[in-house]
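Residue numbering begins at 1 within each chain, and the chains themselves are lettered A, B, C and D in the order written.
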Amino acid sequence: MAAESWAVHQKIEIPFQYTAGPAVTRFLEGLKDKLIVASVCSKCGRRSVPPLSFCGRCWRPIAEFISVSGEGTLLSFTRRAGGDVLYGMIQLEGTDSSLAHYVTGEVGRLRIGCKVAAVWRAGRTGSILDIEGFREVGN
Amino acid sequence: MAERVAIVATGQTRHTAKRLDVNLRELITEAVTRALEDADLRIQDIDAVFLGNMEPFEGFMFPELWSVEGWGGYGKPAIKFNTGGTVGTTTTMAAYYYLAAGLYETVLAIGFEKQSEGHTQAAITTVGDPIWERTMMAGAVGNFAVMASTYVHESGVTPEQAAKVAVKARRNACNNEYAHLQMPNITVEEVMQSQMLAHPIRKLDMCPQSDGAVAMVLASEAKAKKLASRPAWIKAVATAHEQQYMGDSPKRLAIMRSQVTASQKVYKAAGIANPRKDLDVAEIYEVATYAEMAMYENLGFCERGQGGVLIDQGVTSMEGELPVNPSGGVLSANPIGATAMIRVAEAALQVMGKAGKRQVPNVHTALATGYGGNAWTDALILSSR
Amino acid sequence: MMGRVVIVGAVQTRYEPRKAHQAINELVYEVVAGLLKQTGVRMQEIDSMVTASQDAWDGKTISSMSVNEVVGAYLKSEAKVAADGIQALIYGAARILAGAFDYTLIVAHCKESEGQPDEITKVMFDPFCERPLGLNDAVAAGLQARRYISVAGIDSRALALVSQKNHRSAKRNPLAQRSGDYSLDEILAAPSFADPLTELMAGPRSDGACALLLASAEKAAAFGDRAVCIAGMGNSTDSYWTDRDLSEAEALRQAAQRAYTKAGISPDQVDVAEISARYAHEELLYGEALGLWKREELSALLAEKNPLRKRTKVNPSGGPITGNPTTVAGLARVAEGYLQLAQLAGDRQVPGAQVAVAHGASGVCGQSQSVVILRRGNA
Amino acid sequence: MVSVQKVEAVKEALRVPFRMKLEFDYAMGAHAERFFHALRDHARILGVKCPACKRVYVPPRPVCGICFVETRDWGEVSDEGTLVGCTVVDLPFIDPMTGERRPVPYGFAIIRLDGADTAMYHFLEETDPKRMYVGQRVKAVFREQRTGSLQDILHFRAVQG
């Protein structure tokens, strides 16, 4: 058998369009106005960001949406080798879920539990990237 | 001795080209909510969940895990299947085996797809083997076109007979509130003049691409009797596969080794000697008009080469001897991850006597099939007894 | 107590960075042919197959189409699970318990070398709020690792200890992709993967396949000690990763509870635990959820010379951190558990092992969890 | 600050785009390598035979799924064959290998080469469905510059049968 081994190089490139649904649309639209929209389950009270339209635990639709501040607590952070961005998990104040996003600012000052705040981009379009990232604002 | 297993409730979304009002997670919730309401159960009553979907259509890996809030999966055992067109029947069979094994009493089976998120023909083209097939592949349409050409050659079916299948399907669909394509005024001429996609397949010969979800509640014997006055008992299930490549089966469609094998297995297990007489209704995964006629032959509804005659004689119409696809079939709704399970759910509705305007009178025995992958077949027999 | 299903054989490929000369069907045929040889069962006796693979990893819609023929499924019943292979095994066991089949062949495959993991794993994430950020499995692993060590009150040295132990164990496993005597400093100083994880704390890209044969109780007798009983199985599903505490593995706790209860076995009876830990922190987190130790004991256990060695030997194979592809990893854990109890584990044999627990996970940060408990003998 | 938002019905939900771009290096494997070496270097098409049922497989593979016996004997099959099925693709669709629309129309078919028991996919030179039929005789047109892929055959051309 041949010493060389053959491989077929192929691309798979397919464009997708994901329908956001009412709750996530509300969230993305809110970002334009620097609002972070959370859902509140009327039974268990759970507040989720990005918002849900249905609570799977209580098995009921969610009708209440609130806006929370862009401030929260850093639950974790990491940098993928070779990448130039720092990722964080942020628990926004008053919510029960966490949001993954970029963390900006001085790496040395980051600690789990430190307070962070959203840095908003100018010219917002209704995308998660309307938030540039979260910046450390002290402990 | 295995437990008896029955389908006791179903729920479907209104299948449609584009559900731009909900995301995938929310789409699933609609079907599951309806199934639970149909069974008068709470999500807490469900022991385990079986899910089927074709991830490449959404460009997703584990869409069911992202969607977990939508089907109440938190804390529940769940298994996810992905087998192509058969995935809805594969998933149903998994639920069946678990219940038959006595491992659970009440489970959910869910099939879902949102074709509008991606590009169906592109994703189906990557079904092709990257070395041997993909460059030539043209989605499901191209595949069915080459297969149909073989079948036409073997059986002599005509475009007019194919068009009659399309008319039957879309008119039947008018009685099904969940069907995507409901065309009360469709004519044979209209089908024969519709856009040519890939010779001999025209647009109206082919199934649509749909957004939709289906859910079923299945239960062990004791539970089933409590949950439904007339459950749809699963009498037999079978799967039969093909070989690896598209050109391996000698006369694709004309002779479907997998469909002959799977159907003969379930007929034998359910004591069906003459399927055309012994079955009261069939919900088959037909994909394209020519395929439906070929499947009549492979499922033993008629002799070889008689598929076209069957449609001419109206044997498979709502008023015929063996109504096929009262729901409108795949030709009228095709959210692929859900499609085969819709066949089972529709067959179950017929057996339970809950099929509304599309109900066939006095159904005791029903056949449901799934078809997909590289020409493989799933078959199930449901019964009122 | 559940009905009886036994495992009568298990074969894995050697795990390698790139199996350049093998197409997927050839890779899978290698383990299927090996299994038939090992068990002496002919394909004509096997009517049921459950496979595991993933379309995104294979770069192919309906990935099972590549393997149906080589697993012997022509005109037979095969189903493909789109998750870790341990789920295929659990389903295969149900098929036998239902009385539908005497044998079920279970096969998982993946060739991680053929695609780009960072790109492929992106499509596990939320399309609205996460994919635009470029999140992938490696990032999520780094986030979970830092979260876990912080909450558990340990540091990256503990992760290095896990890595050191596994790479040392893997020296006795001829199938392992990576093994050796690494010093803690070497592990800590290895190139970063996603901090705090270094490349030696994360499983390498790997190609491989694994096949097991399940049999009914009636068939078991003919296999003597080579039949190992599946005493319990359990699985469970967690919330999406941003909707739960990543320092906990609640779904695994539930899955383990179900499996132990069915088996009538308690965690302190486990001789061998094969844990699907591709990343070092996962072994600590998952071992805890499997009831093998308590979080409070971690520091003390890790301070000992043999980390985590109480009664239970953890990952004598070296585990996925030494090289197992995704989708195969969990099924390979069951295979390793089987080899231990059938006394076929060669140099890595744990003497006298009677009870093994095997674990597998799927999804972002282990959202779907499965546990299989094996007991020596077919009684 | 937490404030309750007024609940408004969404007129039309947003759609968020994502372009999946994956690249793969699919290993051909031993069977395909042998096939494509012969195709590239000698413009010859090989099949592999099941020693039990004697079926000749093109594409070649490790095992005959029908007998579950390892295939063994390699041999050349003809570059001429018969159409088992054929079509002309008219529908425009996104080609997953480019992310763009694939040019249509094009002819493609399932072709059984003389000496083989299975058939394979390939392009047809013909793009008029009226001039192709099941049973038609076709012959491979090889490229001058061959690289070791199925595209070393440009397409199949109708020949007098």
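General observations
Keep this in mind: a contact is a pair of C-beta atoms (placed from the backbone, for glycine too) under 8 Å apart; a residue touches a chain by one contact, two chains touch by 3 or more.
Quick caveat: nothing in here was measured; it's all calculated off a predicted structure.
Shared contact partners of chain B and chain D, listed by label, are A, C. Counting C-beta pairs in contact, the pair that comes out ahead of the other among A-C and B-C is B-C. One inter-chain figure worth recording: chain A and chain C are separated by 30 Å, centre to centre, where each centre is the mean of the chain's CA atoms. Centroids built from CA atoms put chain C at 34 Å from chain B. With centres defined as mean CA coordinates, chain B is found 37 Å away from chain A. If each chain is reduced to the centroid of its CA atoms, chain A and chain D end up 42 Å from each other. In chain C, the residues that touch at least two other chains are 20-21, 23, 25, 56, 59, 68-70, 73-74, 114, 120, 123, 126-128, 132, 243.
Residues of chain B in contact with two or more other chains: 20-23, 56, 59, 68-69, 73-74, 119, 122-123, 126, 129-131, 134, 243-244.
For chain D, residues touching at least two other chains, in rising order: 10, 13, 15-16, 18, 20-28, 30, 32-33, 61, 65-66, 94, 96-97, 149. If you sketch which chains touch which, every chain touches every other chain without exception. If you check the complex, the residues on chain D that touch chain B are 10, 12-13, 15, 18, 20, 24, 26, 28, 32, 59, 61, 65-66, 84-91, 93-97, 102, 108-112, 118-123, 129, 133-135, 149-151.
Looking at the complex, you find that chain B touches chain A at residues 18-26, 29, 36, 42-43, 56, 58-59, 68-74, 114, 116-119, 122-123, 126, 130-131, 134.
If you check the complex, the residues on chain C that touch chain D are 18-26, 29, 33, 43-44, 56, 59, 68-70, 72-74, 111, 113-116, 119-120, 123, 127-128, 131-132. Those residues of chain B whose C-beta lies close enough to touch chain C in the complex are 1-2, 23, 49, 54-56, 59-62, 65-66, 68-69, 73-84, 90, 93-94, 96-98, 100-103, 123-124, 126-127, 129-131, 238-244, 257-258, 261, 372-374, 376. Considering their complex, residues 1-5, 7-10, 13-28, 30, 32-34, 36-37, 94, 96-99, 148-149 of chain D touch chain A.
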